[in-house]
Amino acid sequence: MIALLLRDLKLAFRAGGGFGLGLAFFLIVTVMIPFAVGPQSSLLSTIAPGVLWLGALLACLLSLDRLLALDWEDGSLDLLATAPLPLESVVTIKALAHWLTTGLPLVLAAPFFGVLLNLPVPGFFWLVISLLIGTPAMSVIGTFGAALTVGLKRGGLLLSLLVLPLYVPTLIFGAEVARRGATGMEVQTPLLMLAGITAATIALLPFASATVLRINLR
Amino acid sequence: MIPDLGKYGDTVLSSYAVSIVLLVALIVFSVMRGRKVRAEMERVEQRMSRNG
Amino acid sequence: MTLTVTDLSITRGGIPVLEGLSFSLKAGKALILRGPNGIGKTTLLRTLAGLQPPLEGKIEGAEDRIAYASHSDGLKPTLTVTENLTFWASVFGTNGIQTALDTFDLNELADRHSGNLSAGQKRRLGLARMLVTGRPIWMLDEPTVSLDKNAVQMFADAVRAHLGQGGSALIATHIDLGLDGEVLDVGPNKARPKPIDDFDGGFL
Amino acid sequence: MSIAAKANALWEYANPRKFLATSERVLPFFWIVSITCIVVGLVWGFFFTPDDYKQGSTVKIIYLHVPAALMAINCWLMMLATSLVWLVRRHHVSALAARAAAPIGIVMTLIALLTGAIWGQPMWGTWWAWDPRLTSFLILFLFYLGYVALWEAIEDPDTAADLTSVLCLVGSVFAILSRYAVNFWNQGLHQGASVMRAGAVTGADTEEKVSNIFFYPLLICIIGFVLLFIALVLYRTGTEIRARRIKALLARERVGG
């Protein structure tokens, strides 16, 4: 299992691995938003938590179609399916690798982009916390979507369509934590809901992902 | 014939129009596709039974 | 241990392709699969490897004993030869890729990225991957495609060595490799369609 | 007949040929009764019910809005049930019924959304408000679109049935989650959805007696929509069964039948 994780990380960091793609997209979104909505700092600081969350979500979405497709094309998935490793572990590791290469950099970069968008000072802490809790759920849900569409040519658009409604609860609670944190309101309820969703998806969704992957490998 | 709908006439009539158009379209498309598929199946079945 | 297949029927895309297939593969032997293209040799190998369920019949002695190699062999072009092999060795819980490097003459290439290898070298790496799994039954789908004469000879030697150590191999190929084993022509096992007026059958 | 025997008899309809024969026999009844109900309910509601004292004539929209919204949700529930049946018992008719139902669900969701938007324009002063109920229906609409798109995208019919069934199960859980999330996110402008009390639609302070006037035509419309849904599902499932058979026959012809 560790070997698979290390290999995926190695692949992501080597040339053509796609590491940094999400981060670049995140950067583009945050830099372009002020050009689109105007430079008033009061407006920017109001929308900052939501924009940063949405940017993170889209950056995550962008990298999903590579998550399993590369291993599908070169036959690695066939071999992993015949290996002693259960497929449930394989998809969990894949999601973890995706989070480490996409989600975690976004969490770490978010405060810097928060500065660009005039995020109020108390918001930084809650933004990072909410992203830290929420992005793993996005990776796990995304892995499910990737497993559903892995055998399809041009599955990218379909993948986005399938995953988008599944991201709604995470986005709502995550952005709510960041927004409430920025305005100094209590964050306990949405934070608990967000943590609950993440815990439940990590615990249960890999089974669904492995099931659909097995069906797709037939 | 049409009752007095007051100031909301457009609202009510457009709702009815949109809904009925959508329902009728759904039924018409279902039936059209159903007919087509049924004819196609008979054609294929006949060809298969002819060719053994 | 012997791989035994009894009265196996397999499907591709929901349509039966081969039926009534029975054979056994003893340790130390090879079985060459023959048959026209598209008859379902790949499907048979995938079914035996456990990637898809059979329609009917029994497969015994296959569980966790098969190393399967499809047309594409799961190698990452941005990883080196050593890295690729080490990865698969640890996934299958074996260690020591040195034997594999020696067997397939890959020592000189050990630090090259596998994307920079020639087609024949890649194929050798693919076979080395079979060896590091430590599994006794090799299932090879057209393994000699894109190999030159020398490489084919090397491949045949490698399979022979594997057989000599008590392993076995099931190979779908068109050429003669001079291996100790039988040839199985799956042509006669082509599935006959059921009568078409059987409506339920129309669903299969 | 014992209950077990009855249950077994029910599964016989999973045989496609029996399904086709039976549905053909009962379909005319469903078509006629459903369309009659809808026409009667709508005519009654449109011509013979008074305006609401607060909402004026816009109250007449409920005869379409409420039944469509109900069917939009029930259609997904039916797909969930048939998906489960497919996953557990592998009856092809069940999977095909789910496939046949999805576009009906799309149309019902669309009607609920559009009539809601048209009604919201004079009432809330805007075509679209991010009201929890409207938002939930928008999310449901996305689920339907994804479900249909996945069916269309996959070549092998059994694989498609398996994958869409799993998507339906997972989607259902997330749809419920979204519903709670959206409620939390915005308390909303929309009235309660208690259909059995049409008074909920006409404002809480309306007398129950008055709401009965709206209730009966609404009930007839709901019955009509339910029956129309059944008729459409039966008919469209028949179409899917035949399409599936064509595909199987052609595939067999290709392998040399």
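Chains: A, B, C and D, in written order; residue numbering restarts at 1 for each.
Heads up, the rule we're going with is that a residue touches a chain if its C-beta (ideal position, glycine included) is under 8 Å from a C-beta of that chain, and two chains touch if they have at least 3 such contacts.
Please read all numbers here as calculations on a predicted model, not as lab measurements.
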item: Central chain (distance from its CA mean to the mean of all protein CA atoms); value: A
item: Pair joined by more contacting C-beta pairs (B-D or A-D); value: B-D
item: Averaged-CA centre spacing for the pair chain D and chain B, given as whole angstrom; value: 16
item: Rounded Å distance, chain A centre to chain D centre (Cα mean); value: 32
item: Chain centre separation in whole Å, for chain B relative to chain A (CA means); value: 41
item: Centre-of-Cα separation between chain C and chain A, whole angstrom; value: 37
item: Chain A residues counted as touching two or more neighbouring chains; value: 218
item: Two or more partner chains touched - positions in chain C; value: 196
item: Junction residues of chain B - those touching two or more other chains; value: 45, 48
item: Contacting residues of chain C [partner chain D, same complex]; value: 13-15, 17, 191, 193, 196, 199-200, 202-204
item: Residues of chain A defined as touching chain D within the complex; value: 144, 148-149, 151-152, 155, 158, 161-162, 164-166, 168-169, 172-173, 176, 189-190, 193, 197, 205, 208, 211-212, 215-216, 218
item: Residues of chain C touching chain A in the complex; value: 46, 49-53, 64, 66-68, 70-76, 78-79, 83, 86-88, 90-93, 129, 133
item: Contact footprint of chain A on chain D as seen in their complex; value: 139, 142-143, 145-146, 149-150, 153-154, 159, 162-163, 166-167, 169-171, 174-175, 177-178, 180-182, 184-185
item: Residue ranges of chain D in contact with chain B within the complex; value: 42, 46-47, 51, 55-58, 60-61, 64-65, 68, 103-104, 107, 110-111, 114-115, 118-119, 121-122, 228, 232, 235-236, 238-239, 242-243, 245-246, 249-250, 253, 257
